[in-house]
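A, B, C and D label the chains in the order they appear, each numbered from 1.
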Amino acid sequence: MLSFIAFSLRRAWHGFWRNAVMSIAATATMVLMLVLLSTFFVVLSGLNAGLQFVEQKVEVVAELRDDAPDLKVVQLQQDIAALPEVASVEYIDKPTALAQFKQRMAQQGREDLTQFLDSNPLPATLNIKLKDPHQFGTVVQTLRARTDVVATVEEVQNLVDRVLTITNLLRTGGLILLGLVGLTVLFIIVNTIRLAVVARAEEIEIMRLVGASDAFIRWPFIFEGALVGLLGALITLVLLALGAAPLSNLMTRFFEILPLELGSLSRNLAVLVLATGIGLGTIGSWVSVRSYLLK
Amino acid sequence: MLSFIAFSLRRAWHGFWRNAVMSIAATATMVLMLVLLSTFFVVLSGLNAGLQFVEQKVEVVAELRDDAPDLKVVQLQQDIAALPEVASVEYIDKPTALAQFKQRMAQQGREDLTQFLDSNPLPATLNIKLKDPHQFGTVVQTLRARTDVVATVEEVQNLVDRVLTITNLLRTGGLILLGLVGLTVLFIIVNTIRLAVVARAEEIEIMRLVGASDAFIRWPFIFEGALVGLLGALITLVLLALGAAPLSNLMTRFFEILPLELGSLSRNLAVLVLATGIGLGTIGSWVSVRSYLLK
Amino acid sequence: MASPNAAPPRAAARSLRDQPAAHLIAETPDEQAILVLHDVTKTYPNGKTALRDVDLVIPEGDFVFLVGASGAGKSTLIKLIIRDEIATRGAVMLDGQDVARLNRRDVPRIRRKIGIIFQDFKLLPTKTVQENVGFALEVTGTPHRQIAPAVARVLSLVGLSAQASQLPSQLSGGEQQRTAIARALVHDPRLIIADEPTGNLDPLISWEIIQLLSRINELGVTVLMATHNAEIVTALRRRVVALEDGRITRDELGAAYHRED
Amino acid sequence: MASPNAAPPRAAARSLRDQPAAHLIAETPDEQAILVLHDVTKTYPNGKTALRDVDLVIPEGDFVFLVGASGAGKSTLIKLIIRDEIATRGAVMLDGQDVARLNRRDVPRIRRKIGIIFQDFKLLPTKTVQENVGFALEVTGTPHRQIAPAVARVLSLVGLSAQASQLPSQLSGGEQQRTAIARALVHDPRLIIADEPTGNLDPLISWEIIQLLSRINELGVTVLMATHNAEIVTALRRRVVALEDGRITRDELGAAYHRED
C-alpha cells in the first residue's frame, strides 16, 4: 500500500514534468482563477463588513418628556439596558442634544437656525443600540408603555425594513456572484485538466492494455491534479502576499471605518485558496480519468 | 485563393467536430469567460453612470442679498447662464427656499425648527449646474465680483475635490479591474485553445511531412479558433438576453435614478462580446499553431 | 506433402492435420487448454465482420502461427483474447475463464498473465525504453528493486541495452519493435501473444527473436504469433492456423506458411 | 557472383559493383542525379551517430533497395532527404537543391515532389482512408473535383476500395500500410521513398505492391526503398545499397539482399 502511494506520487511527479506545457498551462489557469476567487472573497468580506456596520447604526430613539424626573429616566435606562436584545443605551440630555444638532448643521454647511431661538426646543433622548436590528419590537413596546417618561418613540420600523432589505439584497447578490464565480472557476479548471488528460488518452489506453488496474492508472493522475492544485494555490498565495501591501493601503483608505479584521481575513483566504486549489485539481483529474476508465 | 479559403473553412468545420470534446470544452470556457467579462462591463457601466450622476450633482450655490433688486438678479442669472461652462441656472426665491428646507427636514424625520420663527431666515439662491465639475473657477469669480447681488458663494472647492477624487479613484480602479479580468480571459482562452492544439501536435507534424505549406496548416486552425470564438460569443449573447429581464429588474431597482441608456449599453455589450470572442479565438489559434510551425 | 522436418516432438503424436476445428475441441479436455475460442463471430460497429464462426483450441505449451492475408482477422482474434474487443457471438475462454463475462476489475489480472506484442508497438511516448519495459512489472506490484535487474536482463536479450534510456521517438522502427517484445517478456507470462513481431526487423534479428520465443516456449510458455514471415513459418514446422476472410481455413501441425497440397 | 538476371536494362551498361561511392559521384553528372548525398554525417542531439560519411548518388529513374540491420540508419537517411532532420555534416542535394539550405517556406514544395511511405505510416487518426489519401492532393492545391477520382484510382490499386471511409483505428495493420502507400502515390511524385513498405503485409500483397512500384519505376519515377524483405530484394536484382552501423558498406547493381561473395 505504502509502496503503491510512493509509486503513484513518483509517477505523478514525472507525469507533471514530462507534460510540462500542459502542466504549466493548467497551473497558470489555476493561479488566475484562484486570484479571481480571492479578489471576490476580499471584496465580499469588505461588503459584508460594511453592511454589518450599517446595520449596527440602526438605533431606536426615544424622545423624553421635558418634565420627566431624572430618577425615572435613570430607572427606564436601566430597565431597557436589561432587555436581552439591547446592546447599549445612551442618554442624551437637552443641552447635549442641542449641541449635537448645531454640530450636525455646521458639518453639513447649513444655516444655524437655532441661533434665532431663545429656548432649547430639542428634547432629551435615549438612544438604544440593538444586538440584532430585526428585534426592535419589545424595546419599542417597553418604551411606549412608559408614557410618564417617554414622549414619542421614533418610528424605526420603516427605516429598519429598508436598511435590512438593501443589506440582505446586497449580501444575497454577493453570495450568488461568489457562487457563480466559484462555479466558473470549478468548470474552467476541471476543463483545463480534462484537456490535459485527453491529450494523454493514448497513454491511459496503453496502460490498460498492459494490465494496469484502474487504481494504478487513476491515482497518479489524481496526485498530478492535486500537485497542479497545490502549486497553483501556493503561487496564488505568494502573489496575494506581494499584492497585500498596496491593496490594504487602498482598503484602509476606503474602509477605514469598517471593523475588518485583516488577520482572520487573510487566514480564511489562505484556507480558501489552498482548499479550492487542491480540491479542484483532485476533482478535475478524477472526473477526467473516470470517463476513460469507464469505457 | 477562394478555393483555399473554402477549403480552410471546410477543414476548420470538420476539425471542430472531429475533436468534439476539445471544441466543446474550449467553447464552454469561452462562454464562461465572456459572461464574466460582460458582467464586469455592465457593473462598470453602472458604476460609471452612477459616478456621472454624482458629478452632475455638484452645484455652485450663490446666496443672494435680501436687498438685491429683482432686475439685477435676473441680469446676473442671464450673465451666468451665458458662461460657456454653465449647464443651467436656477433661481430659488426666499419662500421656495424655506419650503424646500421644511420638506428636507420632514423627509429626514427632523424637528421642524422653522415653526418657532416669525421671519424667513433663508436667503434666495442661484443654483448653478456646471457642464464639467472641474471648471467652477470662473463661475465662482464672476459671482463673487457681483457684491451688489451676491451675499456669499458656498465654498465648493473642497466638496468638488473630494467627489472627483473618489469618482476618479473608483473609475480607475474599475478600469484596472476590467483590464485584469480581460487579461485573465485572454490568457485562459489562449491557454484552452493551446491545450486543444497540443493534443493535435501529431496531426500538424504529419501535415508538414506530406508537404502541406504553413498557410495550409495555419488557416484551418485559425478559422477553427474563430469558430470557437463566434460560437462562444453567440451562446454568451443568448445567455445574456435570457438573463436580461431579471437583471434589468434588479438594475432599475438599484439604479432607478441613473441615466443608464440600456439600448446603447446592450449594443456596446454585443459588440464587445463578439469582438472579444472571435478575436481571442483567432489569436489563441494563431499563437498555438505558431509555436509548432516555427520548429 | 513435404515432411515436417523441423516439427516439435509433440506434433508427431497428435495428427490433427486437415481435421475440422470442432473435432479438436472434443478431443482436447478444456483443463489442458489455455485458450479456447468457441464459435466466435466478431462484427465491428460499422458492420464489417472480421471473424466468422471461429473455433480454436490452444493447449498449454503450444507454439501456434496465425497466418492469413492482410485484413483476414488475425489482429481481431488477438484483440478478442485480451478483451480489447468483445465477441459479437461465441465464447473466448482464457485459462478457463470466459473473458467476455469478466468483471471490469478482473480484466487487468487476466492481461497480466499474457505478454502481448502489439502490431503497432503501443509504447508510451513519454517514457524511456527501460521505463516502458519496467512498466509491465510495476503494474503487477513488483517491488522496485527487482524491476531494474529484470528489465536489464530482457533488454540485453533483445539487444537494446545501449538504447535503454532513449525515448520511443528516438528509436528506429526495429528498436521500437524489440522494446515491445521486451515488455511482453519481462513479467514471465504464461501466454505470449505476438502480432507481427518481426515486421520491422531484419532477417537476422527476426531469427534471433523467433529463436528466443522458441526457447521460451520450450520452458512451457504458450506462444501465439500472427505473422506474414513465410520463411520463418515454413522453416519452424509448428502448428499453423490460417485465417481467410475471417474463417479458419487450415489448422495443421508441422505445417508451412502456404498450403502444401 | 550470381548473374543479375532481373536487372533493369541500364544496369548492364554501368558496371559499378563494388566501386567505392566517391567514384560514383565523379562519374555521374549531377544534373542527371535526382538525389546526391555527399559526405553526410548525422549525430542526434543525444550523441548517437546514426550516419557516418555517407556518399550516395541516385540518378533519375533508378530503383534502389536500402538494406541493413535494425538501427543501421536507413530511416535516418530518409529523414535527411525529406528534411525531417538536418545533417550534422555534409550536403543532401535533392533535384539540384541543397535541402539543408532551403528556406522554411520552400520545404513543402520539395516534399510534394516526393511520395513518402513512412515506417510508422503517419496517418491522420481523425481522417478516413480516402481523406488521408486525398490530403496529399489537397496540399498541392488540386481542384476538389479532381481529387475524388484520383483517390479512388489509387485505393483500388492498393486494394482498399472497400475500406475507403474507415478511420485508421478501424483498419488492420496491412490496410494502414496500404493507405500510406496510396497516399505516397496519389500525387504522381517524381521520387518515391518507401521505408519498410511491406513490413505488415502478407507475401502476396507484398509482391503486388513491389510489382506496382516496379511498374511506376518503369514510367521514369525514381524509387528508394528501405526494406528487410530479403526474398523480394534478391528476386528483383536491382541496385542494393547496404548500411552497416551508419556507413555504406555495399553499393551494387543487380544484387541480392545478402552479400554474395
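Operating definition for what follows: contacts are C-beta pairs under 8 Å (C-beta built on N, C-alpha and C of every residue); 3 or more make two chains touch, one makes a residue touch a chain.
Since the model is a prediction, treat every value here as computed from it, not as a measurement.
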**Request:** Any chance you could name the chains that touch chain B and chain D both?
**Result:** none
**Prompt:** Starting at chain C, how many touch steps does it take at minimum to reach chain D?
**Reply:** 1
**Asked** In terms of CA centroid distance, which chain is the most far removed from chain B?
**Response** C
**Request:** Indicate the whole-number Å distance between the mean C-alpha point of chain A and the mean C-alpha point of chain B.
**Result:** 26
**Complete:** Cα centre of chain B to Cα centre of chain C, whole Å, reads 70
**Request:** Please work out the Cα centroid separation of chain A and chain C, and write it as a whole number of Å.
**Result:** 64
**Prompt:** Tell me, which residues of chain A touch at least two other chains?
**Reply:** none
**Asked** Drawing the touching chains as a network, do you get a line, a ring, a star, a complete graph or other?
**Response** ring
**Asked** Which of the chains touch, listed as pairs?
**Response** A-B, A-C, B-D, C-D
**Asked** How about chain D: which of its residues touch chain C in the complex?
**Response** 44, 46, 48, 67-71, 74-76, 119-120, 166, 170, 172-175, 177-178, 195-196, 199-206, 228, 230-231, 257
**Request:** Write out the stretch or stretches of chain B touching chain D in their complex.
**Result:** 3-4, 7, 15, 18-19, 202-203, 205-214, 216
**Request:** Provide the residue numbers of chain D that touch chain B in the complex, in ascending order.
**Result:** 82, 84, 104-105, 107-112, 114, 116, 118, 122-127, 135-136, 138-141, 143-144, 183
**Message:** Using the touch definition from the top, list the residues of chain B that touch chain A in their complex.
**Reply:** 21-22, 25-26, 28-29, 32-33, 35-36, 39, 109, 111, 113-114, 116-117, 121-122, 154, 173, 181, 184, 187-188, 191-192, 194-196, 198-199, 250
